[in-house]
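Chain lettering (A, B, C and D) follows the sequence in which the chains are written, and residue indices restart at 1 in each chain.
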Amino acid sequence: MTDLIGRAELGEMFAQAAACIRREHQHLTALDSIGGDGDHGTTMLRAAEQMERGIEESSTASLTDLLKSVGWKVLGVDGGASSALFGTFFAGMGDVQLFSQDAMNCHDLGRAFQAGLRAMSRQTKAGPGDKTMMDALVPAVTAVTAAANAGKSISDALDDAALAAQLGAESTKDLVARHGRARSLGERTRGYPDAGSTSVALLFRGFSAGLRREL
Amino acid sequence: MTDLIGRAELGEMFAQAAACIRREHQHLTALDSIGGDGDHGTTMLRAAEQMERGIEESSTASLTDLLKSVGWKVLGVDGGASSALFGTFFAGMGDVQLFSQDAMNCHDLGRAFQAGLRAMSRQTKAGPGDKTMMDALVPAVTAVTAAANAGKSISDALDDAALAAQLGAESTKDLVARHGRARSLGERTRGYPDAGSTSVALLFRGFSAGLRREL
Amino acid sequence: MRMKKFINEPTNLVGELLEGMVLAFPDKVQLSGRNIVARAWPKESGKVRLVTLGGSGHEPGLSGFVGEGMLDYSVAGGIFAAPGAPRCLEGIRSACAEGASALLIVLNHAGDVLSGNIAMEMALREGLKIKMIITHEDIAGGPNLEDRRGLVGFFPVYKVAGAAAEQGASLDACLEIAERMERNMRSLAVAVNTATHPSTGQPIFELGDDEMEIGMGQHGEAGTGRMKLKSADETAEIMLNMLLSDLQVATGEEILVLINGAGATTLMELLIVFRRVAQVLTAKKIKLIRSAVGEFITTQEQAGFQMLIARMDPELIELWDAPADAPFFVKR
Amino acid sequence: MRMKKFINEPTNLVGELLEGMVLAFPDKVQLSGRNIVARAWPKESGKVRLVTLGGSGHEPGLSGFVGEGMLDYSVAGGIFAAPGAPRCLEGIRSACAEGASALLIVLNHAGDVLSGNIAMEMALREGLKIKMIITHEDIAGGPNLEDRRGLVGFFPVYKVAGAAAEQGASLDACLEIAERMERNMRSLAVAVNTATHPSTGQPIFELGDDEMEIGMGQHGEAGTGRMKLKSADETAEIMLNMLLSDLQVATGEEILVLINGAGATTLMELLIVFRRVAQVLTAKKIKLIRSAVGEFITTQEQAGFQMLIARMDPELIELWDAPADAPFFVKR
């Protein structure tokens, strides 16, 4: 049971998230080819690279600076909607106010994720039901907050979040795209999960794996 | 046996020549596709059209004006080397000096063909052996002159010419192109007859058929 | 089948093509930072700068239009990929150096707009004098303006706003001109053959041997008008009528028409299409006041074209006619 | 597979495309006789006229270069087919009207040269003041000058002779400039994918999936350099070295480089190729004094490009830099 995570744990969370994305990038591209322009896997690969770089280069930074650095690196990817949004999410997490600069508890992590979502909401009007990454991201973040309120450990919270993200991603199969490139396809997008939401599920699977590993 | 031909006979010669070309234009294109740019059939089709027009529009002209008119029409085709050369040949035939403006004998026809060749020689340096239309045209014209000297009838002279053209065209199979577009291919052109020389054979086959028909 | 493109390492495409551009047009453009194209001779101080951003692989768009009377900076992204916000911010900072003011022109594609918005947020926080306009004139997106993508419409906007800036107009005046142009234009694309993605070697989309698709986006994003191949005249009429009706052009009005080749569609075809457009306009008593035919933004060797119409007023016409001197667009 | 081109009746291609061109550029060009393109505003009397002739389907070449500082008349032939001599004569007569003198520029292709020669003979018989130059700079033809075809080399010749004519040079002076340019340039083409013949719908030539051919002519005439596909850098080096050696360019000399896209090869690729050319020249200490990259003469949607180099002297450079204003080439 973990109640606090520090630089090392946060680093391992991002490292595992990057690894999950690396393994699945071809699948992500395939999904984006159905309704989008087929570049999501490539963009996410580059984003994964930058996540690793961001951790590496801020090994002595405060936790919020580490998050901002990862976010800024991901924002720097020449990609598309997804790198800009994930970059915004990570950088936004760094806006959270922490009591300590070296450790965060489950509540802190929940608040950081909430701050990330808030930063995103300035950039996109999409919300759950629009067949975007939000369908996975919002339930994942909510799950962490709920777990914190229920007094769960961080690693249990991240397990809950990974499951919620997974379910959220799967739920997009039955939706029709209303944002992003896929929106022009309308009905044709039904039957396949949204690429970006699948990335969110991979990300949270990696976060949870990263923490279990550390323990 | 014919010793004199007039407007009607000359007209029928060109009409049949045009008909022969029409029938074979796809074959001409196929031959030009091997070493050239594959447009010879199309150009010869247009030339055939203009030969017919030229005759039609000069039904009351002198024989030399009729030849010039046919030549000018063929020159007017947007084609390639072949329409320019055949046009020059026909127009050049019209430069011959005739005793009568309404009829020509076998000698006259031989001299007209010679005049056509002379006009061509100002436009091309190609001669027999260069794998061009000259390989069929020169022997055909020579055959008419020889037949005239031997006292043959015009229709026999044209039969001889058709045969000579045919043999000339076939002889190009073993040659390597040195003029026209095919020259850049060199050795690759061996084994196929030259497109333009095949057209000459068709032309003279038509000339001879046109005269036989009239009789 | 191997990709038949003259390239080297697929990962170096953008850097190499931009290097080629500045080497080929050293009197017009130079590199300024990673994959940012700037004028060889910066504009006089006091004049508004024009900045744009967008993916690469669409040459001559967008960087080919950096030059006198048009753009000052172009932030080039990856192949079909928006540049990240940090480099966009870098471009804006260069444009706004020494207190200059600048206008950012962004084509409505999710990634481009996100990068533009994020960079704008930061730039404004830094106190830079920058405003932004988004072009979204592709009527295939439906009635909702923010669902309409930006196709070749960037070109008239660069042209008229660039001319205004060159003439010394204020940032607000430049923005007003750009917005007026934007509001009064409509575009639509048609595709018949896919391109090969130069990084992956894969076809960008699939289309039947006898099919075309009206409304396809700049990157093979599916449109809604998949149909049997039509003749040049029929295609021109279908598209023109859709555009005229969307822009609600009335008899007697004056419009500009631009035909943009997608890559492999020949100039011969573009001119044949244009001919029909001009004929139909004459029949409808709509005045063809200005025109442009050529390749302004391509998608590699995709076959198809974009048609753009714009309602012009005397000021827009005067700015359209003003001189320009970019690598891939010159006006005397 | 159906031909995926936006056309109408294949027999009307040339007429329709030229109509499109004059409708799109009414301030620059007009039709003068059947398929003859002339300037919208004829040159002042007393100045030498430039006339050209050649097949169509190669747009923007050749008629797209009629305009101030370049051509006065372009006699357009059929698709890939030379115009007949009578229409060439008509073009020459227009150019030489009212005692004007004119220079006829012909690309070395059998049909074009024949039509040019026949028309010249008649024109001279009529007493018209006309001289002719044939461009044959394609080194793929071998050592024999008359076996060398005219590729994109017409473009620098139009440009410098057109500028000289515009400046009031005499016919002999214009001819001398044209000949000097011609003598000092060399070109070479490479092809990787065939085009569809727009009249027949057939591919123009066949090439293996992993093959390219150096030395291919403007209409798919086979060259002698069929080889496995190479990278942009390798291809650029092979071709540049062949050209430099044929023109015998020495260290320290100043050359112009022009890269011409065949149709489907993207501007991205042309710029990447150009980059390598510039790098190699720098390494060889040869000065790249002027350059041009784009589509000047195409063969429908053929993939490949032409590379041209030319040794420049101060006068040629000055004429190259002079203003021009044609539909598809503008210089300020």
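To be clear about the criterion, a residue touches a chain if its C-beta (ideal position, glycine included) is under 8 Å from a C-beta of that chain, and two chains touch if they have at least 3 such contacts.
None of the values given here were measured: they were computed from a predicted structure.
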| item | value |
| --- | --- |
| Joint neighbours of chain D and chain C, given as chain labels | none |
| Labels of chains that are neighbours to chain B and to chain C | D |
| Computed distance of Cα centres, chain D from chain A, in Å | 56 |
| Distance from chain D to chain B - Cα centre to Cα centre, in angstrom | 33 |
| Chain A-chain B separation of Cα centroids, rounded to whole Å | 80 |
| Touch-based graph of the chains, sorted into line, ring, star, complete or other | line |
| Complete list of chain pairs which touch one another | A-C, B-D, C-D |
| List of chain C residues in touch with chain A within their complex | 14, 55, 77-78, 80-87, 109-111, 114-115, 117-118, 121, 140-141, 147, 149, 197, 199-200, 202, 204, 215, 217, 219-224 |
| Touch list for chain B against partner chain D, complex | 35-39, 42-43, 72, 75-81, 83-85, 87-88, 122-124, 179-181, 183-186, 188 |
| Residues of chain C touching chain D in the complex | 1-2, 4-8, 13, 16-21, 23-25, 56-57, 59-60, 64, 192-193, 198, 209-210, 212, 229, 231-233, 235-236, 263-275, 278, 288, 291-295, 298, 300-301, 303, 305, 323, 325, 328, 330-332 |
